[in-house]
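Each of the two complexes below includes chain A, the first together with chain B, the second together with chain C.
What follows is the complex of A and B.
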């Protein structure tokens, strides 16, 4: 496939992004709820961690100072919004209602349409909920000011994180073909991700072996990697490239895994009745 | 255009035993049962044919449609739609076909209908002239413009179904599968939907495969019928052939003699055995006779001999009673039926 036909093919997917954005903007209350949830979660985390680092004027546990840990937990919540693409919920719902049948009669790739529909959800959440929350806390508390390089690395890393989050959620959603108790799996996934991504507790603060193991898993690419790059928590350009490369490798591996899972799932579609 | 050969679809279902004790025991031991929804269906539908795919509930109609549309993979056997294997070449097949599932929406639930159409236009890469021509047709027949900016979820069933059928035809598919397309529609809307499908097939030679419980849909749209029962095809041919396979015929007549209806009925039933005579409305008498036992000539000459007929007509055997007989008959009967239609 040449680049030109590839691009022409991709153009078929833009309406899914636009449609999903339109759908999302119709429900204003979602933003209000998301904003309240995010602000509450951030407040809780920020004040808890600031209490832990109370009195640490210099470098505290994990190499964070007070401004550093505040920045970390604040942005960890914003990254959480970036990962809340609702793909797991929507895919499993479609499978359970049998609406997956309708998605299968369209001349487009289902995982790709899901990705295109999920991206605007993530980005709009970050822009409309994450942005104001960051601005609010930037006005209230001292934050660590990152350099231009850090911001660039963080942006690249966050984009990879968005893809990994999509893939994790798609895999969870596809589990709907195997079990009807997707709710339980989603709860487990949320806990695993929150812990192993470094969202509740920075991975730097975990005991050595656990931190090592967590950084080998794809979940670290969701929160830990982007924030380490932003806050300069690495030694030398090589280490930064290594973090990005690890994320990229997991993005590739997860893409393969989801493609495989989708192929297997399609073979066993059984829509009884109706 | 559509070919199925020995198409089989089996499902594995978990057996759950009844009652609390049964539920408890299912926790520890699971029994599987294989259900054969479609067992060895074979048929060939030529291009441009409008075929009704009919069968009782649970006859495997929807499952067959799901295999032809590429949603489900056949357990064994093959099918081809416009030369493609629908499951293996799902994407390419999808570009050729249009599908309406009466019970599922393919429109974007939270968007107005016209937005869904715009999305479909991009997905199917519909050329501008085709899009504008079809939209003009929908405007004329379905009054879709009146739906405005109401999201699909707030539309009435009738409004939604009109849009669903239109959406399935928007990209000029070579084959369109309609699974209960007029479910829940009033007469006027049913008419509009039928007209839309007929117009597409007239102008573009679209092949139509329809499943419906509405006899009106079948007779208004289809020229061929494919009757499936217990997962196998028991009749394929024109509607006329199917109706001719009816095993009873009827004659209704008025007469001017002084014979009261009860006596007339007794007379007919005594004179022609295995014939059922009933009083129909307006003083008419309805005579139903088994087609194999008596010929029309025999019945008519008996009536002419005994009554002074003032009016007489023989209604076409109705599809419902033909189908009822097919569904009710045990699995041995298909051969007999096919023999009579050959």
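What follows is the complex of A and C.
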């Protein structure tokens, strides 16, 4: 396939992204909900951890100081917004309603259309909800100022994190082929993934075995990796490259896994006519 | 209404609640998998919350004047009013999200029972609530045992009432925000956002900024559902306790007013 046909092929997916963006901007109350949820979560985390690091002038547990831990928990929630792409909800919904049949007869790849529809949701959430929350806290509390290199590494790492989050959510959505009560599974996913990603407690503060397990799993790539790169919690350029490589490897492995799961799911799909 | 009439009405609604709860339990046994996934999801959520608290207390021994067991007690206690409230008022979510918008709300107005009761009875004994209550009791019990909590007779008598008041407060907040849908057709985002703020209730209020503490005490009084009762039971603090019945009654009155005004305003779609 030449570059030109490749581009033309990709252009077929733009309507999905545009459509999802339009839906998102039409239902503006979602932003209010997301803003309150994010602000609540951030405040809880910030107050809780600042009480832990109370009076620590130098670096405390896990190598964080007060400004460092505040920056960590604040940005962890913003990354959480980046991962809230609603793919699990929408895929399982389509399966339950049987709408998936229509999606199957379109001459495009279903996982790719879902990805293209999920990206605007993530980015708009980060821009319209995450941005104000960060500004609010930057005005209220001292934060750690990252370097230019940290920001660049963080951006690259966050993009990989976005892909991993999409794949996790797609897999959860596909569980809709196996069970109709996807709601309970999503709740379990939400809290277990947030925990193992280091979104509620930094992995470096977890007890040894749990931290070891969390670092091995793909979820660490969602929050822990980007924030370690941003805050400079690594030794030397090699270690930074190692973090990115680990994330990239998991992105590749998860892509294969979702492709496989999708093929198996399609084979067992059954839609009642009507 | 005479005293006898009131007693008869109360007896009738008690009987109806009993009967309709039985109907709900039948539904539970019918959809066992849903129940298990719902309860399991809830357990996982509380489990994660407990892990977070445990990890926080690995770093320090006291936060905001509360130690590990006391925070566990508070967390467990906060689940009790929430579970009790969820047992009976889960249908409010459906009202906020759908019933006014779809026009289906009229169904509750044409039955010979109080519309609020009819509405709520549709989801009595919601399964997730059992998980919440059971975990809440388990955690509270464990924490009380671990810190060798000895309650005075007065505290023992008041404890169930404190849970009940907490449940009334939560139910009133839910009713208030769900009733907004009579004006806005869909008040789900508002209800959800108000519910999210309830997450603050599971931790000591001493951690928070004074303005946030004030908000959680006097505007959306989640403080009275867990923090105030737990500080009374654990530390014997009674500073805010006298306000508890006042806040409960005022909030319930406000919620019922909003509900009645909303129902009066409601117009059928005519289709």
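Methods note: the second predicted complex is superposed on the first by the 273 of 274 C-alpha atoms of A that agree within 3 Å, B and C clash if a C-alpha of one lies under 4 Å from a C-alpha of the other, contacts with A are read in each partner's own complex, and residues count from 1 in each chain.
Note that a contact is a pair of C-beta atoms (placed from the backbone, for glycine too) under 8 Å apart; a residue touches a chain by one contact, two chains touch by 3 or more.
None of the values given here were measured: they were computed from a predicted structure.
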{"item": "Room on chain A for both chain B and chain C (clash or fit)", "value": "fit"}
{"item": "Which superposed partner A:102 touches (first chain B, second chain C, both, neither)", "value": "first"}
{"item": "Which of chain B and chain C A:59 touches, first, second, both or neither", "value": "neither"}
{"item": "First, second, both or neither for A:269, with chain B first and chain C second", "value": "first"}
{"item": "Partner chain in contact with A:155 - chain B first, chain C second, else both or neither", "value": "neither"}
{"item": "After fitting on chain A: smallest Cα gap, chain B-chain C, Å", "value": "6"}
{"item": "Touching both chain B and chain C, residues of chain A", "value": "none"}
{"item": "Touching residues (chain side chain A, partner chain B) in the complex", "value": "11-12, 14-16, 18-19, 22-23, 26-27, 98-99, 101-102, 104-109, 266-267, 269-274"}
{"item": "Chain C-touching residues of chain A, taken from the complex the two chains share", "value": "29-30, 32-33, 36-37, 40-41, 43-44, 47-49, 51-52, 54, 60-61, 179, 181, 183-188, 191-192, 194-195, 200-201, 205-207"}
{"item": "For the chain C and chain A complex, residues of the former touching the latter", "value": "33-34, 37-38, 40-42, 44-45, 47-49, 51-52, 55-56, 58-60, 63-64, 186, 188-189, 192-193, 196-197, 199-200, 203, 207-209, 212"}
{"item": "Chain A-touching residues of chain B, taken from the complex the two chains share", "value": "11, 62, 66, 69-73, 90-92, 94-95, 97, 99, 101, 103-106, 108-111, 115, 118-119, 122-125, 151"}
